[in-house]
Amino acid sequence: MRVGLFVTCLVDLMRPSIGFAALRLLETAGCEVVVPSTQTCCGQPGYNSGDEKSARVLARKLLREFEGCDYLVLPSGSCAGMIRVHYPTLFASDPDVLESIQRLSARTYELTDFLVNVLKIEKIPGRYSGSLTYHDSCSGLRELGVQAQPRALLSKMPGVTLSEMTESTTCCGFGGTFAVKYGDISARMADKKCEHIVKSGAAAVVAGDLGCLLNIEGRLRRRGDLLTRTLHIAEVLAGENGECT
Amino acid sequence: MSARDNILARIGKARQAAGHDIESEIRRHPCGPVPPLAGDLASRFDEQAVKLSSDVAHAGTITEIPGIVAQYLRQHDLPRKGVCWPVLAPYDWRSAGIDLQARGARGDDMLGITGAFVGIAETGTLMLLSGPDTPATVSLLPETHVAVLGTERIVATMEQAWDRLRLEHGALPRAVNFISGPSRTADIEQTVTLGAHGPYRVLIIIVG
Amino acid sequence: MHVSSMHFKRKAVEKLGDEKLQQALNKLQSKFVDGRAAAIAELPNFNEIRDAAADIRERVVTQLDDYLRRFELEATARGAEVHWAESVEEANRLMADIARRHHVRRIAKSKSMVSEECALNDHLESEGFDVIETDLGEYILQLAKEPPSHIVAPVVHKSKEEISDLFEEKHRRTRITEITELCREAREILRPKFLAADMGISGANFIIAETGSVLIVTNEGNGRLVTTLPRVHVAITGIEKVVPTLEDATTLLRLLPRSATAQSITNYVSILTGTRGQNDTEGAEHFHIILLDNSRSRLLGTELQPMLRCIRCGACMNHCPVYQNIGGHAYGWVYPGPMGSVLTPAFVGLENALDLPNASTFCGQCAVVCPVKIPLPDLLRHLRTRQVKQGLRPWRERVALRIWSWVAQRPSVYGLFSRLAVRMLRLAGGKEKRLHYLPGVSGWTKGRDLPAPAGRTFHDLYRRKPIA
């Protein structure tokens, strides 16, 4: 099984350990993983800002890069959703490439969804001991139906105590450029998310999207909380107490 | 070109397809999906009506009605004077000490007694049809509304109510009013308060 | 209604700092969010009903002219007069003409969002008519001279104390603080107005093609009073409100109250057809229906067409995390929240409401709860696309996006700049591993730290990884 890994630009720039964690999870499960070196961005920032043209250019580039893979897996519900749900819409009136795009979308998966529903992994390579709370990132949840999968994987880790927060499915306020353009509203939404996290009593918050984690961590630290950790689900599943090299 | 012409022209121009024959669709008036209702209709009606803050009493025959109303008014310390639909005037209100006039309600009437076309079990709702002998104000202006409903007039859903209406009356009256309890508002701090502009209380007497 | 959507950003910040409003908005969660969930859970076949409801509305929108003609035919046959208005000015003129025609002086009004679009009350008052709002929330707003902040719960932004103050000042009676007593006082003040009104104005939740009827859902009883007591009744609504049959209205009625106020049914559902009969002793002698377009027809045949399915339940705004934090007034016009962010630019002009489609994270919860399956995030994205196509975005934004796109197409350039950028950010983050301020993204750093990146990019590290 030839699995292409698209790490996403955010992971590439801000927290490469997530990319390596995803890599480790897929290889441990027996996949042949390729990481096309020319990958950059899935085109979502442009798409959500109303620039469909630039989104199409980056989509075509991505399509070429992952042509030879049986699957395309991403440690991000947001980017996976872009490819799975929105790429076909972007090329609805491009008959020459629509079929290829649809085939790409059909074999694109968010990481935990892939691990649970395609690889059906039983053994989790990582070790973690402590309490966690899970934040349901919006795109993963509502575009791809990712909700049970990360919890199913966490339940296979004996050291993990999952302490659900109230309103785990409420948006954290990231929303891509929204976080900068409407920073005051965004920060308030992040603040409310932090309240729920703190109330859950967990030592760390876990999510499937780095954008959410950066937003939440940014607000936690500004609130004076230097202890609550923000971890990507891949880091928890693949590393030693969330640490991955 | 009138506004009507302009609007219809704009709509017509934007239409994507020829569409279907709305006339036959309307004539058939198919029902949408209906939620399954467990249990018998009368108990369901009872339970839902109480849930929506109506008071419910039961009478074996119509002769019991004035007594039930008198007791209710006594219980709530309410005046025993009001108006009613003409069809209910012949009941023995005098012996129960209730003074009723068979007419539409005015602003100062405190009690209104009506019948009902049907009761809808799904939501504990009364369906009233306006008419010369069924003035709508009787269920609207007074602070207390009493409705007399025969068990045989309880249907499961609003869809069944429409069927009955079409069968028994053909066309719609000026006003069809579905009533599900006392008037209420939650505009102030989202706190539900019973008794807004309509009745403060509704007593449904189920007969039979 | 006067448009102030261009001030959205400033007003949103104000509202975030408004303690009283924030406390009032906290109530949305339990009442509207949890309440709706409980009400929906009572329907075992909710999804089926929702599919049917979406289907009914979609069917109507695709053949709107056929259904409107049928409605007009039926309504007219029953003695109502149907009027068409392309603009709010026209609707206002029609309303005043009708009032004059029937020698009306006093008007009692129940809730209508379309009348807010028209600023109808202002117009009628300027024409010399005496107009009173009878829906408790709208009455309170009339006293306070404020616009509604929510389409279903218009004074959700006001506390009980504020309302007590208002009643004390305007009614000139001793101050009341209990909610039941406040409602009782409003009843006492408004009851004589109902009885004295020559004309009643209502909206319409639906108009029914089969029977030519106007359907109104209310809880207070004021809707029934203004459509029964006065000798003239005028119903004003949008052209998109038509539904085919009584059964279709019934299907939609299973979802509207549950989505709006968490009720299985509203206290009153009134279906009004034609004028008072020959032997009737009550009911309007004259029944007028005004159908307002105001740009609705212009949405047909465009990507925004699905917006016309809307049944004005308010569920989208109740569940919108942005609305939950800023309330309705910041949106600056009649309709707030997600549906308002589509309708406002569509009705008052894209350039007058630039922020509205952009002030969304696309979390998607609005689309999840919409009873008629309007794909709201897609519509908002479409409006963003329209803004770009019409050159309405600020130049800084256009340039930034263009640079990103250019760089992302060129892996070696991307690699060079990204390696540089993350190294710089890592240094700037220092020992704390976070930045408190970063020029260019002060929107972020004003309220949050920016966690510093690791310092090396994934691709850089992966390339240099020793092969096992």
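Should a chain be cited, it is by its letter among A, B and C, assigned in written order, with residues numbered from 1 in that chain.
The rule is simple: a contact is a pair of C-beta atoms (placed from the backbone, for glycine too) under 8 Å apart; a residue touches a chain by one contact, two chains touch by 3 or more.
On a predicted model such as this, the values are computed, not experimentally measured, just so you know.
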Maximum centroid distance from subunit A, chain identifier (CA atoms): B
Interface ranked first by C-beta contact pairs: B-C
Identity of the most central chain, Cα criterion: C
Euclidean distance of C-alpha centroids - subunit B vs subunit C, Å: 30
Where subunit A and subunit C are represented by their mean Cα positions, the distance between them in whole Å: 33
Distance from the mean Cα position of subunit B to that of subunit A, given in whole angstrom: 53
Subunit C partner contacts - residues on subunit A that touch it in the complex: 7, 9, 11-17, 19-20, 35, 37-41, 43, 45-52, 54, 57-58, 61, 138-139, 142-143, 169-171, 173-176, 178-192, 214-215, 217-219, 221-222, 230
Subunit B-facing residues of subunit C, complex: 24, 27, 31-32, 42-45, 48-49, 52-53, 56, 62-70, 84-86, 90, 134-137, 140, 153-156, 158-160, 163, 179-180, 182-184, 186-187, 190-192, 194-195, 209-211, 213, 219-222, 224-225, 227-229, 239, 244-248, 250-251, 253-254, 261, 264-277, 279-283, 291, 293, 297-298, 300-301
Touching residues (chain side subunit C, partner subunit A) in the complex: 9, 12-13, 16, 321-322, 325-326, 355, 358-365, 367-368, 381, 383-389, 393, 397, 401-402, 404-405, 407-409, 411, 414, 418, 421-422, 434, 441-444, 446-451, 453-454, 456-459, 461-463
Residue ranges of subunit B in contact with subunit C within the complex: 2-4, 6-8, 10-17, 19-20, 22-23, 25-26, 29-33, 35-36, 48, 52, 103-104, 107, 123, 125, 130-132, 135-137, 140-141, 157-159, 162, 171-191, 193, 195-199
